[in-house]
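What follows is a single structure, written as structure tokens, with notes after it.
Order of writing sets the labels: A, B, C and D. Residues in every chain begin at 1.
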Amino acid sequence: MVQLGPNRYGKAEVRVVRVARGAAPDGGDVIRDWNVSTSLSGDLAATHLTGDNAHVLPTDSQKNAVYAFAKRLGAVEPEVFALELARHFVDSQEPITRARLSIEEYGWTRVGGRRHSFARDGGKTRTTTVVHDDQLGTSVVSGIGGLVLLNTTDSEFWGFPRDAYTTLAETKDRMLATEVNATWRYRGTEVAWAAAFAAAHDALLAAFSQTYSYALQQTLYAMGEQIIAAVPAICEVRLALPNKHHFLVDLAPFGLPNDDEVYYAADRPYGLIEGSVLADDAPDAGLAWS
Amino acid sequence: MVQLGPNRYGKAEVRVVRVARGAAPDGGDVIRDWNVSTSLSGDLAATHLTGDNAHVLPTDSQKNAVYAFAKRLGAVEPEVFALELARHFVDSQEPITRARLSIEEYGWTRVGGRRHSFARDGGKTRTTTVVHDDQLGTSVVSGIGGLVLLNTTDSEFWGFPRDAYTTLAETKDRMLATEVNATWRYRGTEVAWAAAFAAAHDALLAAFSQTYSYALQQTLYAMGEQIIAAVPAICEVRLALPNKHHFLVDLAPFGLPNDDEVYYAADRPYGLIEGSVLADDAPDAGLAWS
Amino acid sequence: MVQLGPNRYGKAEVRVVRVARGAAPDGGDVIRDWNVSTSLSGDLAATHLTGDNAHVLPTDSQKNAVYAFAKRLGAVEPEVFALELARHFVDSQEPITRARLSIEEYGWTRVGGRRHSFARDGGKTRTTTVVHDDQLGTSVVSGIGGLVLLNTTDSEFWGFPRDAYTTLAETKDRMLATEVNATWRYRGTEVAWAAAFAAAHDALLAAFSQTYSYALQQTLYAMGEQIIAAVPAICEVRLALPNKHHFLVDLAPFGLPNDDEVYYAADRPYGLIEGSVLADDAPDAGLAWS
Amino acid sequence: MVQLGPNRYGKAEVRVVRVARGAAPDGGDVIRDWNVSTSLSGDLAATHLTGDNAHVLPTDSQKNAVYAFAKRLGAVEPEVFALELARHFVDSQEPITRARLSIEEYGWTRVGGRRHSFARDGGKTRTTTVVHDDQLGTSVVSGIGGLVLLNTTDSEFWGFPRDAYTTLAETKDRMLATEVNATWRYRGTEVAWAAAFAAAHDALLAAFSQTYSYALQQTLYAMGEQIIAAVPAICEVRLALPNKHHFLVDLAPFGLPNDDEVYYAADRPYGLIEGSVLADDAPDAGLAWS
């Protein structure tokens, strides 16, 4: 015999753009460009066992709620939006006891000296995930993704164990590059979100650029440590750092030296360093990372 | 003050192709085409705190071990490979207490009536993830990804609650399409892997095609139930099923009927249904899903 | 002073799925799953110079026409669809003198012994591009994309010139893999499209598997030659063949031989071989490749 | 009988990173991060017909030449690099009469107040393609890709013809967004490349933000016109502008107005506008766009 285990459902990747006309300090427009995903859990056994949908608010309705809340709330910080909408689903749907709201935000910068013209910031995204449970409370995990960083020096790698499969040479000077995917857990739900994001972002950049690195793990720990130091509202940081290998090309066959100048940027495989850093007094994470 | 939390590191996406020449029953070649990722955990605090790498077997060495084991083991099932290599890392590196091996396998089919010519099977991949811990034991989670299925009928959706944001019409006949991402947990490590995969794959297809569906959740549950029924070695199935919406196009403005014939295949947003099914006597999952 | 040069506009990537219910010989459903792109040219200077749209049939209308023609024409071959719709735009819009219709077709295979259940064929796509000009006539270029092929042997590479930057060793036995992107030009517009595609596909596979290859260029030429030989309605073949390098891993540092058994499948860079083969009596290509 | 048509071969996507240490005005490092593709043509019939490779400089050697020239030339503009390397292949390989060099450049910005720390600019890339033929001369086509622009207003669309498939409403105020893919042809090979790129980029942004647009075609023409006006060394501009549709969400069912505030950013299908603008005295393009 079998039984139903944990389950959830929702609408993924609702691409909503909210324009707040004239809301910038100089009277220009403000844009929020989001990719919103919703996910609901609760008393959902019947739909799995018999296809009875009496408890299943359609994912299409969830999508519509994203649009309606975008209208109602205006161009707010993504954390505010996610908190409001998560509470809405749990409060308004009796069988639903938990909602998970996740948002990716794409940034835009005004261009051309115009109030209505924008260029999209490439690469990095700001993220947030809110979990709201009617018993277990509310958590906010925000972060940054797709931020590609590189140090041309101040990185070494040596002193590692050598087994039967080790051919790697030690190095006292290497290129260090990574694509930062960082998420951080807030202690509560009353935070100055935009300022906290900016401070965490700056701490992350500072940690990367100022750490003389003997291991990417060391850089990872410095990032977590400095984010927590810079933003007291953050109690935990989780990081996944691919080691985007830049290998020195051997130019000797062509009679040329290569004094740390010409690199091959490899695609795969890549080292992958994952870790977390916690404040000593971090509260239990509960559902934050679920 | 801060502290180091859970962490791991390894080499991701080692693309190894193993040819076993003449190993097919008819004397043709056999290919194993894999994307292997390794991840090690254990006594790794020093590299995070000070950059001391004495416990850090290079990810480059891990990559080399993948190649060497591919040579030694031959064209074995991916589960066999992952089990052997996971144990190797934990057994041979004293500070390492846990290894996670993950493999994606791309299939190939002989073509042209030749023993050495192959065409790659598109789309679906076979997957496996082994976690081996020197205290907590060994787990195997295998699965299938990228399998796109569609029923042109035998699917309804109605009886759902209607809130202020519900505009969706009920339907007694809809197209149902999904891209199956399924993983299943084995009870142990002594399994006829290839036969188990084939049986789980067939059960999944049968569940999809034979379930008259009132909800994608119902189809999900049927998949899990039938996989567990077909393969006693499997005790749990986890499924993520995007609802790849096919919307009927409104042809009325052009004076044409649309009796379930012309659909628009949407990209985003999409419903996302996630759930698990367990055997009643499933043992504790331990680290299997970590 | 500046002037307007060649220009065109249209709707790209209209994802239409046409189900012909009960149309299979056994009474099962037939699916056509297409990604259709339209592009129109003609007297379009005004919209560029002043924004006057009197000649600009909206791309939204072009999209709607794709849906309506899918209804009207049924589950026809993609070439039939593209020919009809291209002629429609030129015939019905006076300022439009040329239409380009391009279709990618995704294949589906019946599964589960059911008349309504399908699994999508991964990887390869069937393609067609029709250009219809009211003065210069009509051309049809069809093809196949995303077909990944591999020979485990019967490939050599030697006898090449060696310059100051050549370090590559000669080889008398290498893995040969490519992802075929082939397009072929038909002599006319009255062709048994499905049969021609099948024959071209089979000729391509045969050429790949049966050519003992001293250069990927030689394989390319054999593909083109055999397609033209197999399908008299085809007068020209263009091929782009990336050399998907499979490099032998050096296992010597680990005390292991590697007798053409363990390969690293590289991502980038890759060799790229492009060429065309023409029948001696191929008519002028006109706009076919535009 | 069949014959060999036009053909070429080379190495695609050589990912080379060139660091010029201390070369910035303040003593910081300078990075050139490139994706280089080479393609050679000439007397290559033999390798196609018989697999005789006596004229086929290996693509591996072409890759090595990329690295060696990166060392020799330093962190030069991509056009300089492409011109030098294209000439090298034609001058040094007797059977090779034509070379095509294509480069994508990824930008990096110094961060953290450090001389060696960089963050990669997301999104947009700078491109160049050089064709050098020993008889037909040398051409340079440069450009920009992946630049996503959006105007929140100052765009209308009306006055278009309405056929049987037109349902689109006219609008006097719409969101206009596109991802610019622009290429421009230079008159010669002696150009201040960095300054020309900067001026073309700025002209493109200005044209987008300052054009009150009645059609995306009008914006396209303005971009081409202003680039040619700003950079006399440029004689032709080709643009491909996808219309990244932002559709107003209908909030009426929820009792909410939507005064151009809440949009759905669609993926597919999308309008695609392609066109070129030429200086009246533009010389013949020759092989520039091949």
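The rule is simple: contacts are C-beta pairs under 8 Å (C-beta built on N, C-alpha and C of every residue); 3 or more make two chains touch, one makes a residue touch a chain.
Predicted model only: the values in this text are computed from it and were never measured.
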Chain pair with the higher count of C-beta pairs in contact (A-C, A-D): A-D
Pair from A-B, B-D or A-D with over half of its contact pairs in common with B-C: A-D
Separation of mean Cα positions, chain C and chain A [Å, integer]: 38
Mean-CA-position distance for chain D and chain C (Å): 24
Euclidean distance of C-alpha centroids - chain A vs chain D, Å: 30
Chain D residues counted as touching two or more neighbouring chains: 15, 64, 68, 164-165, 167, 253-254, 267-268
Chain B residues within the chain C interface of the complex: 15-21, 29, 31, 33, 64, 67-68, 70-72, 108, 111-114, 116-124, 146-154, 175, 205-206, 208-210, 246, 249, 251, 253-254, 256-258, 260-267
Chain B partner contacts - residues on chain D that touch it in the complex: 164-165, 167, 253-255, 267-268
Residue ranges of chain C in contact with chain D within the complex: 1-15, 37, 39, 44, 47-65, 68, 92-93, 156-163, 165-168, 213-215, 217-218, 220-221, 224-225, 228-229, 236, 238, 242-243, 268-280
